[in-house]
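Presented sequentially are two complexes of chain A, the first with chain B as partner and the second with chain C.
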Partner chain A sequence: MVNRRWIGFLMAALPIAFLLAFVGLPTVESFFYTFGYTGGPNAVVSEMAQNQVVSHHGATLGVYTELWKMASFRADFIATIWVTIASVALLLVISWVIALYLRFSDGWLARVASSLYLIPMFIPSVIASYALVTFWNSGGFVDALAKHLGDPNFPSFGYTLFGVVIGNVWTGLPFAVLMLASGLRNVPDSYIEAARDVGARAWTVSLRILLPMNTLPIIIVATFNCIGVLGAYTVPYLMGPTAPQLLGVAMTSYFSAYNEPQQAEAMAVMVFILAAAVGTWYVIANLRLDRKSGSV
Partner chain B sequence: MKKRKLSKAILAAAMVTGLSGGATVAMAQTSTTTLTLYTDGDVNVQDLWEQDLIPLYEKSHPNIKINVVFDAHGVDSTSVQDKIIAAEKAGKNSGYDILDSGIVPTLATANMLQKLNPTEVPNMSHVDPALLKQTNDEGLPYRGSSVVLAYNSAEVKNPPKTLNALLAWIKANPGKFTYNTPSTGGSGDDFVMAVVNSKVPKQDQAKLITSSSKSLESTWTPGLNLLKSLGPDIYRHGYYANGNTGTLNLLANGSIWVAPVWSDMALSALQDKQLPSTIKLIQLTPPFAGGPADMGVVKNSPNKQAAYAFLNWLLTPQAQTIVVNKMNGYPGVEWKYVPKSVQQKFSAIAKSYATGWSSFYGADLDQAWQSTVAAQSN
Partner chain C sequence: MMSNQNSVQSGFLPIPSIRRTVSPSQALSRSLATALVLALLIFVLGPLVVLVLWAFAGEWFYPSLIPQKFSLSWWSTVLSDSHFGHSVLLSFIFAPVVTILSACICLPAAYAFSRYQFPGRRAMFIGIFATNAFPKMGLYIAIAGILYATHLMDTFWGVIVIQLMNTVVVMTWIPAAAFSAVPKSLEEAARDVGAGPFRTFWHVTLPMARPGIIVAMIQAFLASFDEAQGTFLVGAPNYITMPVQMYSMVTNYPQQAAAVYSILLSMPSLILLLLIRKYIVGGYLAAGFRMK
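Then we have the complex of A and B:
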């Protein structure tokens, strides 16, 4: 028995040790670097870096305050928040509608749709972004169609923040629909029929029964996508405007092009704090739901 | 078969002793020196080394073996750079002998590479001294490229021939010009540099090429403001392409008519029909800056003599002809040192290019551009 426990511990210890060594330590090291610690393991990276804030005693918030003083960084930060909220909101609405359709329709169209929504999963985001930009850009399909229909001022979304939102919705769709559709499938037909028997309309059924019974999948979709979009690189790099840049793109520029790894890592810390806040909300919501259902 | 294996084993043993520095006279005849060459960039650079230059060199130098470490698009270049700095600080061998990468000028400005001199690399004297000065004699240009202006001849009959004419053209043809963000590619970077430089006082222009002084950066403001004022007339009211290829794509699909491009990339794209034949190239007077690709020798390399010999060979007319033809680019040596036939083939661009600023200013110019020029658009 004792032996087995040890084996279990060892099996868990290996991956944990691996994570600590290859992810944990570098993270801690960079974290200290953003507070001005340039010695020790940070000696090599700080050798070539530009515009560093160095602290000789204790920690300094210098890098963070300097970033906040820059109008371009503030614009990047606000744009990232805006795109994240818009992407997640739009994604939830669209995937909810698709999931509802899949739950209640049974025709051949529904069967086709139930496999179509998975397509984005199999298309690399680089290729999808490029296709979306070509499609939505001025001179692209949508633009040409609008001109033919007599609207010469139709906005083209390539290279705009809204274009990034479209790209994020595209990449997030399969996972979101998968989660929501399986959540909806778990709602017994008898509940819905009972509600219909007493005269509830589709809208009421959806709002009073399906929505409350699917809080967890919705929270999972929202939080996971939130965290994904916050640090996204490919979609905003290919579809976004030159400025403001989303933080994922800005971090890369600061890290290599501007040769300011300290600033890039400070941004990463900020993104981490945002993601951690979203993650905390997820954990709390989860616990509350468990308590409601009586399992904790 | 057996015999072959045996001779290989002997060779391997000889290599080991050779590397450890304990080669005896008898062994020296068979000992092989292995040079490790780190190179990044696109597949064309990989092919240049692996299919053309190295087999040729190894054939005429049987005791030298060159091992290529290819890093596509330089995704690992920062960690290689860190590794070399760390090895240099610890006084150890980094495992690399020769570098062909964008990290060379960066390492050279920090004096992290071996200083080269004409006694060990005699052909160095055929290289433009201004380029050597930029890297403290630690980087050796073995090929180059220049930024030129590409235009769609179907739409533009009289392309601008000077920088001022180009700026006037941009204003007169709104939405038909763009360049890539300076941080993502040299062609946009050189355009930005050319415009900013045109507003820098004469006496400071030369200093930007050779010195590294933060205080000079204040001279950039008028030029950056000029670029900012172009914003509304740039493609999509201020969209700047991502990367050199981004610009070529916009030219190819007709979104824009005029753009600064790398001569070698555009010539190759025209050859492969990735650009329509209506796209023509022209060099402005005075020309845009060019960029040499620098080779460097790592300070703690145990095979420095072999590395010098190889670099020297790279600058011979034979090797330079291969480089120019393969890359559609400029030679590392001055044009007069390449064979006449090659000069004639590239007569349209076989001129010198302007020398760009010291790489010291690269990062700051990228950032200054992003926060002043890009930030106001959209």
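Then we have the complex of A and C:
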């Protein structure tokens, strides 16, 4: 029995070891680097870095205070938060409506919808962003269509923050609807019929029965998208404005174009902290649900 | 007079009267549903249809809704470009290598998580989630620092490491859920009739978990095949895969060339995902994201 336990441990340790070496270690190193530690594996990067804050005794918050003093960084930070919240909220509402529709309808229209929402999963994000920006851009298809329909002042969303939100919703749709639809499938018909028998309307059923019974899928969708959007590069790079930039794009320019890796990694640390908070929520929600289902 | 007629009718025939009171709301919900599906159709497919039109456009000036002239000339331009062939080759080398390496590292772990009890099991399982919890670009930049130090920057293995990282979560979680879904009683039955542990695994457990494993492998393949951000950061300028090439296509080439390239780049994903569509909708993907 003891033998079996150790075999299991060793098998599971393989990906953990890989992640510790290539995710854990770099994260810790870059964390120290942002506080001014330039020794160890940081030495190579710090040799070519510009505008570096070095601390010989203890830690310094120099990099962080420098960043926060810059108006452009503050704008980037606020834009990132705004786009993340807007994307996740919009995605949740849209995919909830689609999942509800798929749960309660059959027929050819529902079959069309159940193929449609999956399509973005088939398209690499570089191409999705490119197709979307061509579609929503000024001089693009929607713009032309609005002009034909008699609205020449229709706003174009290419290279705007709202354009990034559209891109996030588009690319996030398959995963979100899949998770929510599979959650809704697990709600027994008898629950819904019982509620209808006592006179509950569709709206009430949705909000009072289906929503509380699907908190876990909703939290999974919200957290995974939140984290995805926080660290995204492709969609905001191709669809977003040049200023303010989202942090994923900003940290890349600091790293590659401005050759300021310390500043780039400081931004990464800040995004990590935001994401870690969101990730903790996901883990707690999972554990709580596990406990609940265990006691039943 | 009308109301009288109604009440008389409903008095005799209660069922049609019920149908009459329901039918306006039914009509409403049906037209709402149609509007919903139509909106979804335009939102999802619109950009792709326009992209395909661009790939065959000779001339297309605003505000025309379809191209003024159609042409195939951009296809030959893109296909005869030497950068194109090189990046296709690279993409098709990286993706299988990453998928196989990822399967070797993660599948034993997936089995262990589902079938063995060992110290730190839950912590390790959640720990794997950490890769997904860290925002991609931040992580790549942190890793790039280490890759510089270990001289893996702009090398084949540097790109492999970056792409492998993205596959660990799907390659562990989805197969773990698939292994867990195999009833233990079936394995026990096989053991009872004298099958050894390996034979049981090979003939009972593995075939039943296969759809989940296939979904995970294809997801891993596509994660590698479509990965642009990290490969761009670590692999440029020597390892320009197809999605990375797309960045320069978008910024430096005419609309039509980028559109043609987009279609070519989407093909492998499209074919692979169509093959596993029924498993994905069947819940293998969703099952992987519930911790057990």
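Definition applied: the second predicted complex is superposed on the first by the 284 of 296 C-alpha atoms of A that agree within 3 Å, B and C clash if a C-alpha of one lies under 4 Å from a C-alpha of the other, contacts with A are read in each partner's own complex, and residues count from 1 in each chain.
In this section, contacts are C-beta pairs under 8 Å (C-beta built on N, C-alpha and C of every residue); 3 or more make two chains touch, one makes a residue touch a chain.
Note that the structure is predicted; figures quoted are calculated from it, not measured.
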item	value
Clash-or-fit label for the pair chain B, chain C on chain A	clash
Partner chain in contact with A:I98 - chain B first, chain C second, else both or neither	second
Chain B versus chain C as contact partner of A:L116, first or second or both or neither	second
Partner chain in contact with A:R5 - chain B first, chain C second, else both or neither	second
Partner chain in contact with A:A59 - chain B first, chain C second, else both or neither	neither
Touched partner set for A:V23, first chain B, second chain C, both or neither	second
Chain B versus chain C as contact partner of A:L211, first or second or both or neither	neither
Chain B versus chain C as contact partner of A:A194, first or second or both or neither	neither
Dominant contact partner of chain A by residue count, chain C or chain B	C
Touching partner for A:V44 - first (chain B), second (chain C), both, neither	both
Chain B versus chain C as contact partner of A:Y258, first or second or both or neither	first
Chain B and chain C footprints on chain A, overlapping residues	43-45, 139, 238, 255-256
Complex contact set, residues of chain B against chain A	78, 81-82, 85-86, 89, 106, 110, 181, 183-184, 236, 238-240, 242, 253-255, 363-364, 366-367, 370-371, 374-378
Interfacial residue positions of chain C with respect to chain A in the complex	33-34, 36-37, 40-41, 43-48, 50-51, 54, 62-65, 105-106, 108-109, 111-113, 115-121, 124-139, 141-146, 148-150, 161, 164-165, 168, 171-172, 225-226, 228-229, 233, 243, 246-247, 250, 255, 258-259, 262, 265-266, 269-270, 273-274, 277, 280-281, 283, 285-287, 289-292
Sites on chain A touched by chain B in the complex	43-45, 47-48, 50, 70-72, 75, 137-139, 158-160, 237-238, 241-245, 253-260
Chain C contact footprint on chain A (complex, rising order)	4-9, 11-16, 18-19, 22-27, 29-30, 33, 41-45, 97-98, 101, 105, 109-110, 112-114, 116-128, 130-132, 134-136, 139-145, 147-148, 170, 173, 175, 178-179, 182-183, 185, 216-217, 220, 224, 227-228, 230-234, 238, 247-249, 251-252, 255-256, 261, 264-265, 267-269, 271-272, 275-276, 278-279, 282-283, 286-287, 290
